[in-house]
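The structure's right below; bear with me while I get my questions together.
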Amino acid sequence: MTLATPVIIVNFKAYETAIGENAVKLAKVCEKVAKETNTEIAVAVQTADIFRVSHEVNIPVLSQHIDDNSFGSYTGNVLAESVKVNGAQGTLLNHSEKRLRLDILEATVKRAKDIGLVTVVCANDPVAGDAIATFDPDFIAVEPPELIGGDMSVSTAKPEIVSDAVKKICNGTKCDKVLVGAGVKTTEDVKKAIELGAVGVLVASGITKAEDPEKALKDLVNGLK
Amino acid sequence: MTLATPVIIVNFKAYETAIGENAVKLAKVCEKVAKETNTEIAVAVQTADIFRVSHEVNIPVLSQHIDDNSFGSYTGNVLAESVKVNGAQGTLLNHSEKRLRLDILEATVKRAKDIGLVTVVCANDPVAGDAIATFDPDFIAVEPPELIGGDMSVSTAKPEIVSDAVKKICNGTKCDKVLVGAGVKTTEDVKKAIELGAVGVLVASGITKAEDPEKALKDLVNGLK
Amino acid sequence: MTLATPVIIVNFKAYETAIGENAVKLAKVCEKVAKETNTEIAVAVQTADIFRVSHEVNIPVLSQHIDDNSFGSYTGNVLAESVKVNGAQGTLLNHSEKRLRLDILEATVKRAKDIGLVTVVCANDPVAGDAIATFDPDFIAVEPPELIGGDMSVSTAKPEIVSDAVKKICNGTKCDKVLVGAGVKTTEDVKKAIELGAVGVLVASGITKAEDPEKALKDLVNGLK
Amino acid sequence: MTLATPVIIVNFKAYETAIGENAVKLAKVCEKVAKETNTEIAVAVQTADIFRVSHEVNIPVLSQHIDDNSFGSYTGNVLAESVKVNGAQGTLLNHSEKRLRLDILEATVKRAKDIGLVTVVCANDPVAGDAIATFDPDFIAVEPPELIGGDMSVSTAKPEIVSDAVKKICNGTKCDKVLVGAGVKTTEDVKKAIELGAVGVLVASGITKAEDPEKALKDLVNGLK
């Protein structure tokens, strides 16, 4: 199991507009756009929202993080199996707001793959992305932290980061692995990302804080075509 | 909102017998015993299980942990509001398997109280319990880490820890705040804990790994009478 | 062993003006002022500077942090005994730039006391200071993080924080335990802190970045009289 | 600046036999063997011991860890420049007892290189070693955590780990980068490690706890020849 490409992943973070019932509502908007435009759109929601969102929509739901522990005496960690049985198809890992130890990231990617969760691992730069590629996750999302939440997209402000990431992670050719994030908000941002070799984008506030999320999402989808 | 006392809190941890559908099943056993014996029994489940468990049973459901962040750009953290809108009435904090920084614990207890989540904060010893009492959580669960998961209960093996904790946390009198955990498995264990001034117990493997959880739980309830 | 009061503790942090040879130079300025004014002045230096500074000056040298581990297989941690045998008389703990888990802070204060290191534990607010008092360190330095490194001192900007901290930590009377920090730069800042019940101050950039550290330090000393 | 190969790095950890004056004594033994056998032997000591050890012996002294912060408002962290000006020629990083976040490891290797500290980064397995190679440290020490401190060396118990690590890290050829650790105690252990493509070993208790450290060290040196 994996995600089809090109893909748009919407990270709901802990935004008030994107938790609980709002998470379901926003996920339904994503589902609507996904169906109308025949595009792969996945949503990464608060752990506590995974069950209800995944039971209300028919698009891939991701966890925002899982821990590396297996079954047993672990309190307060997010068990991989737990998000899976509640409907998650995959998980983000190592987001800039939840960085992981290198050895734990390695172990967690392995665990996720072992039980069939799609892995989308974030990287702060192409070199980190290259290091992460060693663990062979399904996707690597390169997001320069200084651009996250800002008004400039990485593909517009620093296109060389995207092409360098693709080159490093795909070993000089092309591959279906590299996503880009940070500041992605417009059709043009997505278009450039795809031109530079990315197969999708990871977005957050651009959608969750949009006045009209449906329109904002369609703008992004247009960049994929 | 708070929990009635005396109370038994069952920590489902990440046990295979206590996640997903199994979490619902075990929570129903807890609900059955709670009703039959007219006892307050709460369950602390995996974050991803909060929604389904809280919608299937009518006993208090707790989160095993929440983070201190508010709404906003936080990925992979457990937002207090998120567990609340999904059905949690409260949360464990600072469990020996998820210890927190002192300043973060202070902030998290405050956040939980502000939005109406019952707080059950774990402490490794009476001195730590006394320090935690400064933050005024609803309950403080004293659990010597060396006894967790073992065969000896704290109230049997080290009764002085329980009475010392009660004395320190309740400032020399009695109060409805002190729970004890670690190794609690029998009627006698609970009985002693209550005699020593505790108002409840925090249990895990004694129930989640019991061949007959219903019987095991009733044994504990008998100790409360 | 402890520090005499009133006391000024200068935290050298990782300032370029306060490491290596510069650490020795600045510590000698502190020693000069201490002797000339007959005042207790201690310096908290980079771990790697403890040996050389403590062998060049005759004022108390503190570590900025120690870990809770004992002798044994621990790599990269700062062993309490290690700073002691190299000349430290005590240690800061739980600084806002190095916060600790509650249980680890408890254990570390205990370790430090067991081997005879003076403990100066930082707290972000009076409530945290009160919680920390449970562990009975030698000193508690209350430093609101939002004022650290700024131009307003806690005793000037928020005098109620100082008096509240003294009240809570000293149980309504007076005691030789409370230091204040954050923004302390002038004679007046120190004077107010002492009037409000503090027995000393914890300073950093006010001295390490001063054009004339000797003069800046004498200004602070004047506030103690 | 780098370390000559083959190299033996002795990690003093927090062993009672290897701190303070004992650190100087043991470092002198290492220096003696280094000179007599014309072998590169480096010692990784407690941060507080760097100054005195580096001023008493003429062999490379390493820090056991450094943090990623630069000059400035950082309390309790180990500044790269601070260990350097006190005599360290390099540093261990990411030891199994001090694992680092992937992004922080990347930044710290870069910082260390920028200021001229030799970097020896530990890895739990060949895959992690391969990921770490992306950051281009001077050396990568592969140490399976389950063998650290034990009686079986990695080169004897799991030779395939060593050869796999060399293959991955050196991209199929040979290179002067791979060290092995964990359980290394005998001439034979070292000999095998070198045969398998390693250029040195990282040892700890085998020397620090030896009844006769000089003899134990000479045994290891014999394996290099």
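Per-chain numbering from 1; labels A, B, C and D assigned in written order.
The working rule: contacts are C-beta pairs under 8 Å (C-beta built on N, C-alpha and C of every residue); 3 or more make two chains touch, one makes a residue touch a chain.
Since this is a predicted model, take the numbers as computed values, not measurements.
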*Can you list every chain that touches chain B and also touches chain C?*
none
*Measuring centre to centre, with centres taken as mean CA positions, what chain is farthest from chain A?*
C
*Roughly how far is chain A from chain B, going centre to centre by Cα mean, in whole Å?*
34
*Express in whole angstrom the distance between the two chain centres, defined as the mean CA positions of chain B and chain D.*
44
*Multi-chain contact sites of chain A, meaning residues that touch two or more partners*: none
_With touch defined as at the start, can you tell me which chain D residues reach chain C in the complex?_
11, 13-16, 19-21, 44, 46-52, 63-65, 69-79, 81-83, 85-86, 88, 92, 95-98, 148-149, 204-205
*asked:* Going by the contact rule set out above, which residues of chain B touch chain C in the complex?
replied: 94, 99-106, 124-125, 127-128, 130-132, 134-135
